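Below: one structure in structure tokens.
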Amino acid sequence: MGKDAQGLAERSAAAMFERDRASQGLGMRIVEMAPGRARVTMRVRGDMVNGHAICHGGFVFTLADSAFAFACNSHNHATVAAGATVDFLAPAREGEELIAEATEVWRSRRTGIYEVTVTTGQGVKVALFRGRAHQIDGAVVDP
Amino acid sequence: MGKDAQGLAERSAAAMFERDRASQGLGMRIVEMAPGRARVTMRVRGDMVNGHAICHGGFVFTLADSAFAFACNSHNHATVAAGATVDFLAPAREGEELIAEATEVWRSRRTGIYEVTVTTGQGVKVALFRGRAHQIDGAVVDP
Amino acid sequence: MGKDAQGLAERSAAAMFERDRASQGLGMRIVEMAPGRARVTMRVRGDMVNGHAICHGGFVFTLADSAFAFACNSHNHATVAAGATVDFLAPAREGEELIAEATEVWRSRRTGIYEVTVTTGQGVKVALFRGRAHQIDGAVVDP
Amino acid sequence: MGKDAQGLAERSAAAMFERDRASQGLGMRIVEMAPGRARVTMRVRGDMVNGHAICHGGFVFTLADSAFAFACNSHNHATVAAGATVDFLAPAREGEELIAEATEVWRSRRTGIYEVTVTTGQGVKVALFRGRAHQIDGAVVDP
């Protein structure tokens, strides 16, 4: 059962990532998956920064949003983001690797709340994100 | 005075955009600037979508976040995003042009609140964004 | 039709308010109702303030939340709050009358987004609130 | 040092609560204080509910907001709420005791982010709250 849940989480994330040209194109990598959890990395590239070599907040959000999507679809019920809140805490610089850790904090039949923390490789907190997910009909992969 | 404020808004946005590789790389265009307001467009490209040809929410947020940044820096006080909230209302599809309209709803000496509405060219609301900005030291351009 | 919608908005608000001991107990008054809109007032009492005679943010939120509830139930579909965001802009003082103006900014079959602005009688903005509503089964009043 | 920080947290909370007629009037009790943390309880009274005997979301928010205030002032720097986000997860009923647990998740020189979870005595999650605090000048109590 726990093993099945873990297998589903990994298979659904792999299936989603394979069709997700956006996350792929930004160089994201899923480094850990579990039911309700995802850990995703992304290196800040030259085309993600402003003139001060600081990562555009939109890309920090996008990384968090992808981790959120993998986590909230990990139970293999197709799920979409309804909304999110983000607090920007510290700048991320060109060349730095960012790590987004998404955790399910609550889930009902149709709705889930997920927290995502984005940190640098040195452990500096860059952003805190909280997303609200709504389950729609359908599965991510064949169970 | 009104003319000066308008001129400053246009010059600060132009200066910011010139150094903003991220917004440029995503094909954004500033189509209107005024003190406390910005209108920015972006076409949903193939590298912004998932397997269902629907724009990744992160790119919708990034567009809104850029419009927010131009609007909150339009008074020529250097200003950064502290946080934001977004509600995703409808999907945006590959090839569609999105329009983000940012408006200042409140501003004190150090803090400002901005609303951004993202719509398609057909006027369908895609996302509602609210950002909180904090003024830091310095100007965007020489006054 | 417009007249029916207006009548429904007024009747549903009246029915809700009659059973709402919380809003009544805080001295709120609905001063205007329309489909998707509500205007509610509340005077800051001595039991709503801290030691500096400044209204506890929770009561400012509660006023906004009530205005939101009346607005989102104005179409006579039973609707509950899923979540909200609030920005506190200025303090409200004991004895001041606060006015919350709720406006529907978007509505789909099941979900709605509402903005609420809380101001003092002098027009000073005290708080900005955005709520997300979910429709449940049932009506507020007999249609 | 750790002892001093604990003592300051307790003294600042006691001083704040003593002048906080709002939290007192709602029957709140501070049951635990530590640097960056607070645990506050409140019983849902008849004057906090609507006609369905369900606690008005505003009072749930107010409880969370008080716990947030005690936690963010626990370092004895005077601090105010700039904004907050709340997700309502389950209804709270008349007579139930609610417990708000506030935790500091990040703090810089001037700004802090706090998470508050509101649960029933049975451990059911009622609401998730995230607040942003800004330090102003002054101390809460004499150090």
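Remarks
Read from first to last, the chains carry the letters A, B, C and D; within each, the first residue is number 1.
The rule we apply is simple: a contact is a pair of C-beta atoms (placed from the backbone, for glycine too) under 8 Å apart; a residue touches a chain by one contact, two chains touch by 3 or more.
Quick caveat: nothing in here was measured; it's all calculated off a predicted structure.
Comparing mean CA positions across the assembly, the chain most remote from chain C is A.
Here A-B and B-D are compared, and the pair linked by more C-beta contacts is A-B. Centre to centre, using the average C-alpha position, chain B and chain C are separated by 29 Å.
Rounded to whole angstrom units, the spacing between the C-alpha centres of chain A and chain B is 23.
If you average the Cα atoms of chain B and of chain D, the two centres end up 34 Å apart. Residues of chain C in contact with at least two other chains: 82-83, 85, 87, 132. The touching residues of chain C, when paired with chain D in their complex, are 16, 18-23, 25, 46-52, 55-59, 61-63, 65-66, 80-88.
By the touch rule above, chain B contacts chain C in their complex via residues 85, 87, 89, 105-106, 108, 113, 125, 128, 130, 132.
Contacts from chain A toward chain C in the complex involve residues 82-83, 85, 111, 132.
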